[in-house]
Every structure is written in structure tokens, then in C-alpha cells.
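Take a look at the structure below.
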Amino acid sequence: MGKFEELKKAAYDANMQLPELGLVLFTFGNVSVADRDLQVFAIKPSGVPYKDLTPEQMVIVDFDANTIEGSLRPSSDTKTHAVLYKEWNSIGSIVHTHSTYATAWAQSLQDIPVYGTTHADHATVPVPCAPPMDDEMIKGDYEHETGYQIINCFKERNLSPGELEMILVGNHAPFTWGATAHKAVYNAAVLEEVAKMAFLTQTIYPAAAPLKDSLIRKHYERKHGPHSYYGQ
Amino acid sequence: MGKFEELKKAAYDANMQLPELGLVLFTFGNVSVADRDLQVFAIKPSGVPYKDLTPEQMVIVDFDANTIEGSLRPSSDTKTHAVLYKEWNSIGSIVHTHSTYATAWAQSLQDIPVYGTTHADHATVPVPCAPPMDDEMIKGDYEHETGYQIINCFKERNLSPGELEMILVGNHAPFTWGATAHKAVYNAAVLEEVAKMAFLTQTIYPAAAPLKDSLIRKHYERKHGPHSYYGQ
Amino acid sequence: MGKFEELKKAAYDANMQLPELGLVLFTFGNVSVADRDLQVFAIKPSGVPYKDLTPEQMVIVDFDANTIEGSLRPSSDTKTHAVLYKEWNSIGSIVHTHSTYATAWAQSLQDIPVYGTTHADHATVPVPCAPPMDDEMIKGDYEHETGYQIINCFKERNLSPGELEMILVGNHAPFTWGATAHKAVYNAAVLEEVAKMAFLTQTIYPAAAPLKDSLIRKHYERKHGPHSYYGQ
Amino acid sequence: MGKFEELKKAAYDANMQLPELGLVLFTFGNVSVADRDLQVFAIKPSGVPYKDLTPEQMVIVDFDANTIEGSLRPSSDTKTHAVLYKEWNSIGSIVHTHSTYATAWAQSLQDIPVYGTTHADHATVPVPCAPPMDDEMIKGDYEHETGYQIINCFKERNLSPGELEMILVGNHAPFTWGATAHKAVYNAAVLEEVAKMAFLTQTIYPAAAPLKDSLIRKHYERKHGPHSYYGQ
């Protein structure tokens, strides 16, 4: 058994959850899982439909986006994943999808407001929409720059990737992450649901206001604070 | 066979209906079922995914929210359930979900108007949206206070829990109840459907008017009145 | 084998198509099938969930709404069906649902405009929304009057039930019909799809205009005219 | 084995993907697959429900819409397919559906703007909505003229069918195509998803702007350009 076998299996399992959760059409998504000791991550190969995917096909890549093991080309979003792993030490898995509602928010270039406790149970702030890249970045190493587009947005807004585990890349689509593959995929599904609820809330009542701070704090802390007790 | 076994089984069965009816994502919901003679209720344990749930895991709790039996922590919404059972003698089961359309209405802080007979077959009044708690209540015993948020809203509007079996908790999500677990779960699904129809009605025609009183009365009475005969 | 056995089986089969086509929640719908020679129709019993339904439970009713055979109470909408069979000789089956999008249009009291050929393939006119009953009719024999609400709307608009096989009952929900049970159920599913498309069309472009007459005629005639050749 | 057997099987398989992908209700769609050497295409027979379809039923038609082999009538849209094969040498398969969101855009007579990279990964331009036919064309050979309605729209906009593989026929519904049946069906599903995302984007933020040119180019070229490397 190769030293990456377990990692590949973890990445495979996480990738297969995307179609189960209704988060991908065809190949519009990918999950990677990192091994911090080995300084690599396993990621979906490029263009392979989910129904044909096998654990062996996962590609092992280092944090500079060099392929370490695997006969297939890694996902075209691999450089974005690599940048995020390299810059953010705390994350162990990354998910990228074009899930319908979250992508529509990304296309609208709007942050998703904290309209309710479903959102606040997972994040105390709006889900940020990183502005589209400037033309220089686009002409450069595009997927690499997408990683910095995400990181820069977090810096400008003074957010940490441990506190908030999701972002919308403007005009593109969402990325989510977490300490584990399970958490990263969970976040992708939660983001899609929160995006749908926010769309409906605004359509029902265009003047809808965000949750007040005291309520945001309460919900987030009961799940994440030092005295957390949440779980439905 | 323990004296709570039947009650646990009833709570388990009712909880498992939520994913079947498409009313929950992950663990975003819970059902409890009360035994009025024993003065306890069985409720979903906290944070356990529906696919892993077993009847034995249900937690037995009294109406002051003390755990009577069970090795797992009860749902974080347990205190809300306890308050409702204690204050409202007529109810035998409570359902809490974050179902998408009902939650969007709760996030918009709007009551759901009686736009049609689907609504009137189940309630003669708009589904009320209880206003968000004041900050003192939030800082206090939050889930306990959520129970009173619901009870106070009913008092202020002069509603009885036997007449209307559903509410939206502002910025949060719906609660429904009933004499039996079957009825409480049924109400949760009906509320979600009524919420979706009301969203669509308003979007199709923003000036849509509520049903006239004579029609509301007729539909409600044919199902619930002394001469009820309804059933499609 | 009883003389109504075949008729009951036809009504049962047609009723079971409603949940398969996603047109009903719980018991919110019913199908009847008529035998013109015997001057009766078979209809769903009242309040029986679709999963528990059997062919034997179908109730045989005459065109004055008297139960001829069956131990269960017929659907609470039975009198509406009876009136339509009695007044309209050409129809052999009736479907009533609370399907989500068609019901939202009924709740908005708006006709569904002919926005495209999907509609025109089935009807040359908007799907009419019959205005809510006046209070006298509501206080009277309500389900019986619902039949006349439908018939009066067709008369006022100069429509024939052979030409157009669907209607929205204002503030309530749709009824469809056809020469056969297959056609009546087909119409219920088509109406729901047309209602969804019209909702989306208006939301995408509020100034959307109906199809021009020449195109309505063409599409309807290629499917229904003397030289019909349609079928995708 | 007849010389068209393989072609019929390919057309059958492609047709069966439409219900699997949720793109058709009843018989509202059809796929054809061409054999350029034999100068024919296989197409779905008219009016046969997908569940009853068999490979043998596929009808073989030449590029002038004459039936070459088959006992059933070919789809009523056959002449549209024939015109497109005859005029556009590069295409090997055509798909027509009334998929919900794409059809709603067609009914609104609006092009689908390039709101995000999901669109740009497949097309650098808005999905055009061909204007409704003039009355002379409608009275003439309608389905034949629908082919020219599509071709004329591409000419007027200076588009080539190799560059853009999808169109909305105004007031009607979408057509997509591709070198292979797989690609044509893939395009039909992508168009439906892009149409849904665009609807949501506009509803979330009515002032939403199209993607800037540099980003459109980048995404399209990484998938289709001479240095393409895309695949998630």
C-alpha cells in the first residue's frame, strides 16, 4: 500500500459527496485533502466525471502545485488549492463547486448578508464576495492568482480562515474549506443552503435587515465558543 | 423493555420523517414526543446525523429540561421544547426545522398571509412571525427564552396552540406542534409548502390580497369545525 | 368481478400518478374517472394517503354525487367532480391538485398568459383564473358551487371544455380534465410546468408579452387541428 | 445488423439522457445524431414517451427530411434538425428540449447575459434569443423555417456553430448541438444550469453586470483555446 493511499481514499470519498449533496453538475467541482506532515494534497483529476472516478485516480500534488504522484492531470483549479494550503496552515481540505445559488450570489458580486441563525450558526459575518481580479492578474498565472484573490479578500476584511470557512469568488463561484474533508464538504452544502435562503429572504422582503449583533454572537458562540453546546 | 422504549421509538420514527419529507439538511431539525402521564418527552440527541440515528439514542427529558434517561446530550433546542410542553398542556409533539421557504419567511420577519385555501385548510390566520428577542433575553437562558418568545407571541395575538399549530421564530426558523407526532410532522411539511406558495404568489403578483374571511372560515370549518367532512 | 372493478382500477392508477409526477403533498389532490354508460364515476376516498391507497377503496358515485358503492367516504371535492360530469358531457376524467406553481397563480387571481409554445401546444388562450365565489355561494353547498364557479367562468369567457382542459379556481387551486384519465393527469402535469415557466418568464422580464396570434394558432393546430402532426 | 443500427443506438442513448438529466417532461424534447458519410441522421419518433422508447424505433432521415428507414413518424421537429445538418457541416448531433429555465428565457425574448465563468467556460457571448418568425414564415413550412430562424440569427450576430453550440428560439425553447451526441446533450444540461443561474443573479441583483471581457476570454480559452488545459 502506497504512502498516499489513505489520502487518496479520503479525497475520493469527499469528492463523491458532492454529487450526492446535489452540489455539482458534470465535473463542475473538486475537493482536495491535505497531509500536512507530507506537505502534499490529493485532488480530483481534471475532467473525469464523478461516476467514473476511482480512488486510484486522485492526483498527489505538493503545495507549489507540482504533481508528485498520479498519471492523470490534476484539476485545473489545483494551483488555487496549492496557494491556499501554503498560505493558510490551519486548513486540511478545500472544496470548490459551482453550486447554483452560491454561484448566483458570486455572479451578482454581492456578499451574502447574515439574515438568520442558519447563517449565524456557521459564520458571524456576511459571506464575502471577493471582487473580480484586475486584468494583470488574469493575464498572469490565473488559477494561482485566484488563490491570492481569496487570501487578499480575507486580509482586507480582517478575516481569518479558521473563523470563516467560505468565500464567493466574484463572477466565478464558491470555495469552502475546513480542518477535515468532512467539514469542508459540510461547509459547501451549508453555504448553498444559506445562499438559497438569502435569495428567498430578499425576494420576499427586499428591505430585509441583517440579524442584530447580539443574536449573531449568541448563535455562533453556542456552536463555536469556549462554552459551545450546539447540535440539533 | 424499558418504560420509555415506546416513546423513544415514536420520537425516532418522527425524526426520520424529516429527511424523507425534505425538511432538513444535515442535523438542522429535531422532533420530540411527549408522554403526558410520565411528564417527559423523548427528543433527538444533539448533533447526530439522521442516517446514524437509532431509537435507543433518543434522550428522555422532563418538562423542566432535566435529562431523565440517555447517554447522549439532548438537542440544543431541548429547553424550547420543555417550555412549550410545560406551558401548553394540549400538545403532544413538537417539530423544529430550518426548512428552506419557511425559514426565509422567518428571516424576512414577515407573517405568511392567508393567500389561499391550502393555508385556510390548516389555519384561519396568517402564520405569525414572532419578533426577535430583546438583548436581555438573548444574554439569558437563550433556548428557554425561545419558548417564551413563542408563547408571548401567541398571547399577544390572542392565539391558542390548539387552533394554530405553527409559528415562525423571527430571524430563526419554524416550530410546529400537534396532539401527535404524526400531526406535528405533517404541520411542518404543510407549513413549508404554504411558505413556498406564498413566496410564489407574492412574486407573481405583489399586490396579491389575502383570502376573504368567508372563504377562510369555510375551508377551515370543513376540516376542523363541528361538522367537518374534509379529506381529499 | 364487480361491474365497477375496471373503473376503480383506472381511477386508482390515475390517482397514483399524482405523487409520481410530484403534483401532490400528502392527500392534496384527487382523480376521478367516469363511465358514461353507467352514469357514474370512481373517485379517491377522502383523507387516505397515497401510499395506503388500494383500487378497492375507490368510491363509486353518480352524477348527482350519491355514493353508489364503497365503504369509505368519497373525496370532499366529489360534488365538484359530479357537477362537471353532469354539465360537460365530453369529459371522462377530472384531476384536482394543489400543485405548487399552478396554485400560486390561482392564489394571485391572475390568468396564466400564453408566453410560449409549450403553452400554445396545449391551449390557445390564457389559463383562466375563475374569480372567488360570492358569499352566498360559499355559505351554500360549497363544493357543488365550485363546479358552477368553473362552468360559469367558461361560459363568461366563451370557452368549451373540449377546447381547453384546465382552469385555476381563484384562491384555491387547479382543476384539469380530459376524455381519458391519462389525458386529464397529463394536463395537470403540463399545467404545473406551464405555470412554472410563466412565473419565471415574468420574473426574468416583467414586460414579457404574450405570444402573437399567428404563432399560437400554428402550434395549437399542428397538435390539435384537422391536419395535426405534432409529437416530439 | 442493419447499416443504421449503431446510429440508432447512439440516438437512443442520447435521447434517454434527457429524462435522466431532468431536461424533459413527457415527450417535450428530442435528440438526433448524424452520420456525415451516409448523409442521414437518426431521430426520436414522434410522441413516444421516453419510458417506452427502444433503439429500433429511431427513425433514419436524410438532410432533406425524407424518411429513409423506420415505421414510425419522426419527431415533429425533424425538419428543423435537417436544415441545421444541411447548412452546418460541422455538427454531428442536435438536442431540442423545453427545459424549464432555458425555455423561460426564450419566452422572455431576452439573451442570457454572460454573468459568470460557468457561462464563459462554454461560450464567450450571451446565449442569443432568436426573434419570433414573421407571419409569412409561420404560415409556410414552420419547422423548416425554424431551422432558418436559428441560422439567420447566427448570421446576423456573426456567430459560428462551432464557436457557440446553443440558442434560444424566441417564444419557443432551446436548441443545442455539438460534434458528438455526448457534447450536444452536455450543452443542453449546461444551458439549463446557466439559465437558472442567470435568472437567480438578476433576481438577487437587478443591476448585475456581465463579466468583463478579459475574464470571458481567459475562461473560454483555458477550455477551448490552443493552450487549453481546463477540466475540473
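Lettered A, B, C and D in written order, each chain numbered from 1.
Please note the rule applied: a residue touches a chain if its C-beta (ideal position, glycine included) is under 8 Å from a C-beta of that chain, and two chains touch if they have at least 3 such contacts.
Since this is a predicted model, take the numbers as computed values, not measurements.
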item	value
Chain whose average C-alpha position is farthest from subunit C's own	A
Interface residue overlap between copies subunit B and subunit C, same or different (over half shared)	different
Centre-to-centre distance between subunit C and subunit A (centres being mean Cα positions), rounded to whole Å	46
Distance between the centres, which are taken as Cα means, of subunit B and subunit A, whole angstrom	33
Junction residues of subunit D - those touching two or more other chains	203
Topology of the chain contact graph, where touching chains are joined (line, ring, star, complete, other)	ring
Contacting chain pairs - touch in the sense defined above	A-B, A-D, B-C, C-D
Subunit D - residues contacting subunit A, complex	115-118, 186, 189-190, 193, 196-198, 200-201, 203-205, 208-209, 211-212, 214-215, 218, 222, 229-232
Partner subunit C, residues of subunit D touching it in the complex	25-30, 44, 46-48, 73, 75-77, 96, 98, 100-101, 103-110, 132-133, 135, 138-139, 142, 171-173, 199, 202-203
